[in-house]
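Note that the chains take the letters A, B, C and D in the order they are written out, and that residue 1 is the start of every chain.
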Amino acid sequence: MCRLLGYLGSPLQLDQLLYKPERSLVVQSYLPQEMTSGVVNADGLGIGWYHSTQDVNPFTYKNTLPIWNDINLPELSRYVESDCVLAYVRSATPGQALDMGNCQPFRRDRILFIHNGFIERFRQTLYRPIRDRLSDEIYQSIHGTTDSEHIFALLVNEVQRVADASLEKALSQTLIQLKQLAQSYQVNFSANVIISDGHSLVASRYASGSSAPTLYWLRDDPNYPNAVLVASEPLFAGNWHSCPTNSLLVVKEDLEVCINQF
Amino acid sequence: MCRLLGYLGSPLQLDQLLYKPERSLVVQSYLPQEMTSGVVNADGLGIGWYHSTQDVNPFTYKNTLPIWNDINLPELSRYVESDCVLAYVRSATPGQALDMGNCQPFRRDRILFIHNGFIERFRQTLYRPIRDRLSDEIYQSIHGTTDSEHIFALLVNEVQRVADASLEKALSQTLIQLKQLAQSYQVNFSANVIISDGHSLVASRYASGSSAPTLYWLRDDPNYPNAVLVASEPLFAGNWHSCPTNSLLVVKEDLEVCINQF
Amino acid sequence: MCRLLGYLGSPLQLDQLLYKPERSLVVQSYLPQEMTSGVVNADGLGIGWYHSTQDVNPFTYKNTLPIWNDINLPELSRYVESDCVLAYVRSATPGQALDMGNCQPFRRDRILFIHNGFIERFRQTLYRPIRDRLSDEIYQSIHGTTDSEHIFALLVNEVQRVADASLEKALSQTLIQLKQLAQSYQVNFSANVIISDGHSLVASRYASGSSAPTLYWLRDDPNYPNAVLVASEPLFAGNWHSCPTNSLLVVKEDLEVCINQF
Amino acid sequence: MCRLLGYLGSPLQLDQLLYKPERSLVVQSYLPQEMTSGVVNADGLGIGWYHSTQDVNPFTYKNTLPIWNDINLPELSRYVESDCVLAYVRSATPGQALDMGNCQPFRRDRILFIHNGFIERFRQTLYRPIRDRLSDEIYQSIHGTTDSEHIFALLVNEVQRVADASLEKALSQTLIQLKQLAQSYQVNFSANVIISDGHSLVASRYASGSSAPTLYWLRDDPNYPNAVLVASEPLFAGNWHSCPTNSLLVVKEDLEVCINQF
């Protein structure tokens, strides 16, 4: 289990997102409220953001320390302004190393990706079958050992396979593939994912054979006008909506929110 | 708040102490039961132990990661056998850095020291007055910035001041001095301390102006025969005794336990 | 010994400064050319920069790893644009801990500070005398244990003592004080320092009883037009000038460079 | 390039091996003399050792910091006594992460393994072909992403494939396989390896298409009587022998040294 956060909207200084909320990711790291497994999210953190005026690849910042012990993140959060941000605090699945290489967000060109969930007994089940499906180039680009990064690799595979596939379509196909694989190997998994290309956010609340972790979204909060937030847990009291289980949430550049059931 | 552990008795392999108990320091790090402040103890760890056959200075091992993320400690715990061990998991007081220099146990010659508690607004109150009382040599030997290390410095000062002072006497005098200082600066503090010289354990449960953190001890448990354990929280179901508030617990080499009230 | 770098001029992306030069700080970390002691500069790094459009306190980024192992700095360097930057790679004096608290730049309000040099047997000599001269407030604000931070504390003391003191005057007085202290305790020191307030750079090449580390400056290089660079070693072939020993170099907002001998 | 060290002989305290020699691994980390690529070995360290009296799996200790910044290793080295030790300081191949998972020694049951060398453009060449040859169980047991760990996986594959294969035979077959793979993919590699099962040491100095890194051995040095040392560089002045290129060095329990050419 990890705690995810996505933001799309008017440019804001990151500390408004990461430190100011009453139940920020910092609080969620030591005192989460809606974990379906695990107790704390103290196995590192990661932030990804897009430049608000330049058309360049997104930026990431990662650390393996608990977020509350990171002395650089407050500085960075005071400096960076962005209109599209992904962030997470990690609760490592036992057996998956703390290494930086396992720290999200994962990035490929313009795409950022964060995942909360697990594949049951990943190493013994889907680890090799997933890798065997990947193109050489994607196979070689994997730098860690988590189930999360392998789901990301499937997504990149899908993005490359289908020219001009939308993010939404790519994530949807990835989860369908994953479900097929999981069924043939008779394993459960859950995959709450948030991805972005800097212009839109796509998020899934999805599970097969296990309960799906929670996922919420909120639009046009008085403190975050002209913006949509997506989060594992509400960051503050507000008009948060729970995403339905096994659904895909799409936030376009105009901040319209669509929810599609699988 | 931190979680402390002391062991004196028959030599045992450290993993029996650190990993095997149902509510080991590992569990106490993410799910403590009796914290008077703080939520988790994920700001590092430290172990100190004495050689069971050689008359040499004790050994320490420290890490700033959460104990569950330490991949070396299980190895070390499988190798080290000792008859006298101090261990702790840290919950850093806000504002006190994660740095290794702040990581306990502190050591001076044959003495090891761990502390759970705090001095209220330490930097603004007793930081300079304590340092001003120290001999040059002890002043220069301080390597971190915590209240804990400064209480240790007072103790070392006391040990050096009084020739042949017992550990018990030295710790008792240290706490009395600390109380006087605290009163003249009108600040609260708490000082659950465990110290050793390899032959005996001395522990305090002590506070002034605030409630004292919990402290327990147990002797001759079936799984730990010929041994005394002292701990912030019971490590497993057993015949644990709560130390009275403002008391000093002394465990001699014969494992006799004495409790003296202040 | 460390390797220092200061930049004042047209806003530039940090990677132009930190990674692009042929003999960048990264190269200087594993293969420095003009060290007067030490072999490599692999004990961490630090960057400080000012916002190029907002009048806010400067920002810092620090790490205790060798600069070449920092996976966040390339990201940060690709994002940050600044007109005033201080950077350094550290070679820790033996006995001075790797801790983040010892990692420069040090900051106080609008001032950033980096130091290359040493005070001979610092802990046994000037450590306590320097601290004894500090106001309570500055005493309490020291977070590490290095000679560098204590020189910085003297500087802050000087800034606060003299209303409207220029940076130049404050650094000059600091070094004079340090020299007096060093002479009365009969110790050598060296203090190559770069400080800034975001509008000007002031640098010293200074030593007492030992040889001063090298320091260079360069203005209006074709690749860095409208800018002054100050560095321990030239970053690339160019029209670098060596600062004279025991001099103070001042770079004002108009990029005029003044050198004053002590 | 890394710097390797192997010891087999009378039990000794690790600090005799790691810190005492004039050109210890600590010195070799910042000032190596015989590197064929790279400049320093400051990307971490690892130690593996066998219990000198108990028949249990060997122990490892790893760190990603430069060895000179490790404050636990001196403590550990003062405590541990062993008759069979492997140690190394790492110089990470560019592109291979600093992560703990990439830190040697690698271990499988009773076998410890360290490697100095490289496979040319590993990710783009032998990464996938090597993995494809592995049994599921070995495939799943890989925890990092280095060429070194994949050579180790080939070795474990070989050990499991041939019942009662000697270490010598297994390493020899591994290198032959690796050479075949390298030739079919037209890549160069070098593989100086030291392995042990606690009773013997086997080391290779081997390269294909590139020059082999140096490797030395020494027996019955006055300061290390009844012992054989194998090392990338001599640790001190003494009667060191250079291993021939493309040879296998075998040290049996009786400390007899055999050298076999490929």
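Convention: a contact is a pair of C-beta atoms (placed from the backbone, for glycine too) under 8 Å apart; a residue touches a chain by one contact, two chains touch by 3 or more.
Remember, predicted model here, so these are calculated numbers, not experimental data.
J.: Touching both chain A and chain B, which chains are there?
T.: Joint contacts, listed by label: C, D.
J.: Just give me the whole-number Å value for how far the CA centre of chain B lies from that of chain D.
T.: Distance between chain centres: 39 Å.
J.: Mind pulling the chain A residues that touch 2 or more other chains?
T.: If we look for residues of chain A contacting two or more partner chains, we find 71, 97-98, 100.
J.: Which label fits the chain touch graph of this model best, line, ring, star, complete or other?
T.: Topology of the interface graph: complete, with all chain pairs in contact.
J.: Which residues of chain D touch chain C in their complex?
T.: Per the touch definition, chain D meets chain C at residues 30-31, 39-40, 42-43, 64-66, 69, 71, 92, 97-98.
J.: Tell me, which parts of chain D touch chain B in their complex?
T.: 51, 56, 59-63, 71-72, 75-76, 78-80, 100
J.: Per the contact definition, I'd like the list of chain C residues that touch chain B in the complex.
T.: For chain C paired with chain B, touching residues are 97-102, 123-124, 127-128, 131, 136, 139-140, 142-145.
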